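The following pair of complexes shares a single chain, subunit A, combined with subunit B in the former and subunit C in the latter.
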Partner chain A sequence: MTSGPHHPGRNHHVALLALAGIYVTAICAGFFAPYDPSTQSRDLAFVPPTGLHWVDVSGTIHLRPFVYQEGRAYPVRFFVRGAPYRIGRFVPGERHLLGVDAPAMLFLLGTDGFGRDQLSRLLYGAQISLFAGPLGAALSVAIGLVLGGLAGFFGGWVDTVIMRAGELFLAVPWFYLLFAVRMALPLRIEPQDAFVMILAIVAVVGWARPARLIRGIVLSGTTRDYVVAARALGASDLHVLRRHVLPQAFGVALTQAALLAPQYILAEATLSFFGLGVGEPVPSWGNMLAVLQRYDVLSSYWWMFLPGGALLAVFLLYYLVADALHERVAALPG
Partner chain B sequence: MTRRLAALTLALSVVFATGARLASQQAATATEWLVSRAEVGRSGGQLVVVERAEPRTLNPVVAIDAPSREILARTTADLIHIDRETQQPQPALARAWTVSPDGRRFTLSLRRGVRFSDGQPFDADDVVFSFRVYLDEKVGSPQRDQLIVADKPIDVRKLDQYTVQVDLAEPYAVGERMFDSVAMLPRHLLETAYTEGRLARMWAVGTPAEAFAGLGPFRLREYVPGQRLTLERNPYFWKTDRAGTHLPYLDRLVFVFVPSEDAQAVRFQAGEADVTTRLSATNFEVLQRDRGRRNYDLIDAGPGLDYTFLFFNLNGPAQNDPPQAARHRGWFEQLAFRQAVSLAVDRDAIVRLVYRGRATPLSGHVPPGNKLWINRSLPKPTRSLDRARERLRSAGFSWNAAGALVDKDGQEVDFTIVTNTGNTERMQIATIIQDDLKQIGIRVGVVTLELRALLQRVLMTHDYDACVLALGAADGDPSSEMNVWLSSGGTHLWHPEQAVPATPWEAEIDTLMRRQLTVRDVQARKRLYDRVQELVAENLPVISLVSPSVLAGTTKALGNLRPTIFDHHALWNVDELFWRGRPAGGTR
Partner chain C sequence: MRYVWRRLGHAVLVLLGVSFLTFVLAAAAPGSLVDELRLDPRVSPETIEAMRVRYGVNDAVPAQYLRWLESIGRGELGFSIAYNGPVGPLLWPRVRNTLLLTIPATLLSWLIALPLGTWSAGRKGGWLDRLTAGATTTLLGIPELVLGLGLLLFAVRTGYLPTGGMTSLNFEELEPWQQMRDVLVHLILPVTALTLVSLPVLVRHVRASVAEVVRARFIQAARAAGVPERRLLVRHALRTAANPLISLFGLSLAGLLSASFVIETIMSWPGLGPLLLAAVAARDLHVVVAAVSCSTVLLVAGNLLADGLLYLADPRVRPERA
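Here is the complex of A and B:
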């Protein structure tokens, strides 16, 4: 845990801090986003990012940045009153970090095809995309921990049944399964609920991989000399599990979760990309990226790629954290 | 008019048939050539066309999917053809025809000396055989419907080797147009299969090229599944140009299969295809930017015949209907509700955002591209949220403190719009409507479904609220839309296959549509169909939204290319297309 100048632990801290910052921003999207994510400015479709200026035409330098709109300068204001929002469903607010006076608009990351602010959509979209990761990973790993633990600890037919079932799950073409599930769901279902259900299915289907890993750990744990010795001294199953096996398995599970989280973030993006995730007008990084399927968007509006950049950044941070966790687990005694 | 045209072409063909160049071709029977009036071109080269999907069959009797029909239209020919540019019937395999004064008997004189693409002669026996096949219920041809007049199949009889007589049970408004796109079949190749009852399975996509024969400008050369289908020039085709050169000019016509519209645009931009039709407005814009550097033309043929619309589920109460579905239907069945939705929808925004201005807002279901049939007296749709709210208020709706629309029982009004995946334009339209209706307090969910699953819900299970779809008449004639507007029709989308008309206005539309089928005076027919349009606009079973323009991309050096808004957009006159200044043709 001590972090020397070249110790990976430092990266680990920075990455954790950065991730935490991103998650807090996502939770407080209402405050950081200049606009409501579904408000359409229909005359301003595919507007490139608004340029911030500090130097005006006469060469004067301003401390407060401003934007030009139809030849007029509008200063950027802080803590402006705007569209009402709620933080975490309960705390209402109407102050936004940034804004400009009407009729000017502040589109720091440009607008989409309906004239909706990309920055606001990116921030609100993070609420779905970023939480899909940990949620799905937690579910997968929890199931994996229980089933993998049982298989590894008891061995024999329990092991065989669970592991063969796991292989079956690995072989499931889950993508087609999801299409079938979405087809079977009733139409009148809130997009968010449909999304949670689909995510839950992905996570449940994904239990097999962590389960295999944990089974291996548990299996090797139960055959170690000190565990055999403990048993010889009359330690119960429960004692062996609690004292010797689970501490090992937990570390591995945590690393697995850190590795799986970005994969499930990507799964959400993929699902939304194919129209299986959250529906309009609720933004998610996946459905924001889905417009890139259109050749005209792909070839004309570079700012529509930005959610991809955000996705990449979050991925890197998660992998740094997973890496650090992995090293810590490897360094554990036993 | 038509007959004068026919006579003129006949006269021309006689003049040219005596020319020395053609005399050697058919020694036995002097061929009565059809002479094209298009610009005289030069022979040679190949044309590469992108096609959305692969053909399901190459059998013209049972083909129903657009790719099959588009390819078959190049390898087969009909007796009387509707010119896709003038919309007038013109002679094809029948060089002339007469209609009896009561409109019930057609006498067709066949072109002499015509041969199938395998060199076998074509005559009245082939015609009689062809109609026997199309009219046979067991064969199940989609063309059968258009050959049934007043519930009786037409009667086709051979008078002599080059004359056939067609009798109808009643006068038929469509008249000689009914012969369009009914491909004549080679009796010598198909009769055995027909008598053995396996005709519908003949000419599947894997059949070797030698087993086919048709009367179109091209014949099958090679089909590579998943990649391309190559047609080659039919040396026996029955048209020449004014200089006496045999048509078609092109040696080969290659269809490459590119499933997405975006990929089609890319292939065209890269010069891997010479012609692309059905470009989306957004890709049209992208290609336009690049036009300076590449050697292609982009053609906006104007508003097309497709119309996109929103419709509600009006299928009355059903058994084991959940209470929620029944409540939703209660709203949809109120005319005021549908009027309010129509008033709230911003059609101009759809045109601007989804189609970049290359579409037209619709006042009724007939798009402005259909110049012959549109009822121009229908009022232009203007968006008015105030009037929408007033309509809702008049029907007993109100708004709660949160601004949500509530019905008489205090239930919040929300519903789902379904549309098909893969159609980005319809998805965008649904998103715009969703936001429009939010302005009047209605919460709308948008769900995309795979097209087949969607049609199953709409036509079979009726398990949906509202749907955005598009229809397009291949030719603008109302007779081609009987199935949509008759209350008993299978594609009467909002309430299909009614045993008896559910509403008085649907009953009136039924009567009008049936009457227009048998009235021969065009003006009288127009008046009947005008009234249908009024009834649809008044009762809003479909809320017409927009009609996209037909956009095509073509290579500059292609002569005689005149894309139309009617089906086969750029290929309707493929026999006349030629490469200017470049005999080899090919890619840019």
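Here is the complex of A and C:
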């Protein structure tokens, strides 16, 4: 079969690579970010992105870019010593990719209302925003695998109970359900716990659709000739589940996870945007965008939109990957 | 007729289930509005205890739920502690406003998606098809939150459109026809946002369904018999593809209502979304349950409508399920 006007086969490698790059950058946020995300420069609120210059006043061209601070030029340096950080909690470091000598500041993407570096916050925020999605999706799909598997395999009242419960979760518009589940948890919550809370919420909200799909696969899987033959040869329930059913369910589970991940990234962003998710001072892409609810910020400071642009890029990449996965699973024999 | 009753009965059961589930979730929440009052030193413990008794917070959750169900009969849908009044009168204008957004957005997106999807299915690989495919993929990748903020930015920068709310400040002083015009102008931005959200999914599905039919033998036969291409697509292919598309109507509603939550809240449109958000923040139990149930009613009603349409459009559906 010829694939339509576009060729997902080629695109999705690029998309996967780009996603991987973004995730690695997020993990190593400490190194790529010039500053600590909560360091404030109160007198430098809403400073526009620092201009990088190559040509100075006298017209000389410099190979090393520099920034102006009160009329003086400061060259941009690589691997500078700065605020200490940890990569993945354990590896300590204090070298940053870029930096300038004090008293100049390097705000490549401007600052927010507290004078915090937007680039550093974007990078650290990615650690929360980008990981809530896939982890939540994995949890949801895992619950879906177990419950859908049980429902399809045992049938009877187990099936009825699980599928009816799933129906309730699918009957509510998604964001309404998200906030209803959010209602069950305390209003004020520590930023560290908020991440776990969001994972729990999205896992509860999203298990029904994967469960339904997995159940369908299990149902069709247990009635196949070769499964019946295996049973006739004395295969146990567990054996059939492990050898014949789960491998088939795996492709569907993977596609579902790829589809759910961006949706959950958005869930985190939306919860935090409305002040019910990750709160200050910990940055997340959602709570960074929240300041745009102020008219003056919305109309004047375009760089506050950058987390939105980042969300957009990640979303597009995820959809490309999910599309490719979907086509690949659909093309599988059987 | 039995079919209709069965579908209705099922819908009522789902609604009961959803409202009970929400009630249990919301009641399990630590802290209520009454508890928040405890932080206020001017409110005595006796007053708080009296309030707890009055609002029935002390009772078991099932008993509270039954009382809530009872109040539906009186059109109250419970009691809002934050607004100090029954929930019903709070809810109805909000539902109307949400419908005011979602119905035009649904109509608009189908009006665009049907011709666009059919056309690109007919000219697979043509320039329009490729353009549509690119545009839908891009639109799919734009989260509602970012789309809403982007449109707001556009409104702020150009100044052509109001940047939020449903009416202008001087709304009360306007003539009736001016009031209508005012609301219409305020509708443009959120309806555009919602249409852009639901459009890509619809276009993709219309294209896929029509493309599947176009491959069928009877279309080839009709083409061989000299039926013009346009008539072939509209009269034969689109009609045959109507079935999955009607089902899609019900499904797409879920996404639309969900997106409406975000768009309403960002653009401060006084619909169900902002009401729910404020109620969650204020721990206003009955309002949360009522708003969530209400959104479910809208969704279930849409699905019932789709089922009804399917029943009318396709005789094959009837004997199986009746």
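One rule holds in what follows: the second predicted complex is superposed on the first by the 286 of 334 C-alpha atoms of A that agree within 3 Å, B and C clash if a C-alpha of one lies under 4 Å from a C-alpha of the other, contacts with A are read in each partner's own complex, and residues count from 1 in each chain.
Convention: a residue touches a chain if its C-beta (ideal position, glycine included) is under 8 Å from a C-beta of that chain, and two chains touch if they have at least 3 such contacts.
Please read these numbers as outputs of a predicted model, since none were measured by experiment.
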A:193 touches, of subunit B and subunit C: first, second, both or neither? neither
Touching partner for A:56 - first (subunit B), second (subunit C), both, neither: neither
First (subunit B), second (subunit C), both or neither touched by A:94: neither
Contacts of A:45 with subunit B and subunit C, given as first, second, both or neither: first
Partner chain(s) touched by A:295 [first = subunit B, second = subunit C, both, neither]: both
Touched partner set for A:279, first subunit B, second subunit C, both or neither: first
Partner chain(s) touched by A:113 [first = subunit B, second = subunit C, both, neither]: first
Which superposed partner A:183 touches (first subunit B, second subunit C, both, neither): both
Which partner, subunit B or subunit C, touches more subunit A residues: C
Residues of subunit A that lie at the interface with subunit B and also at the interface with subunit C: 179, 183, 186-187, 274-275, 293, 295, 299
Residues of subunit C that touch subunit A when the two form their complex: 14-15, 17-18, 21-22, 25-26, 28-31, 124-125, 129-130, 133-134, 137-138, 140-146, 149-150, 152-153, 156-157, 163, 254-255, 257-262, 265-266, 272-273, 276-277, 280-281, 283, 288, 291-292, 295-296, 298-300
Footprint of subunit A on subunit B - complex, ascending: 262-263, 265-266, 280, 282-283, 285-286, 324, 346, 349, 352-353, 415-416, 418, 421, 424, 427-428, 430-432, 434-435, 445-450, 453, 457, 463-465
Residues on subunit A engaged by subunit B in the complex (per definition of touch): 38, 40, 42, 45, 113-115, 179, 183, 186-188, 190-191, 274-275, 279-281, 293-297, 299-300
Contact footprint of subunit C on subunit A as seen in their complex: 4-6, 164, 167-168, 171-177, 179-187, 262, 266, 269-270, 273-276, 286, 289, 292-293, 295, 298-299, 302, 305, 308-309, 311-312, 315-316, 318-320, 323
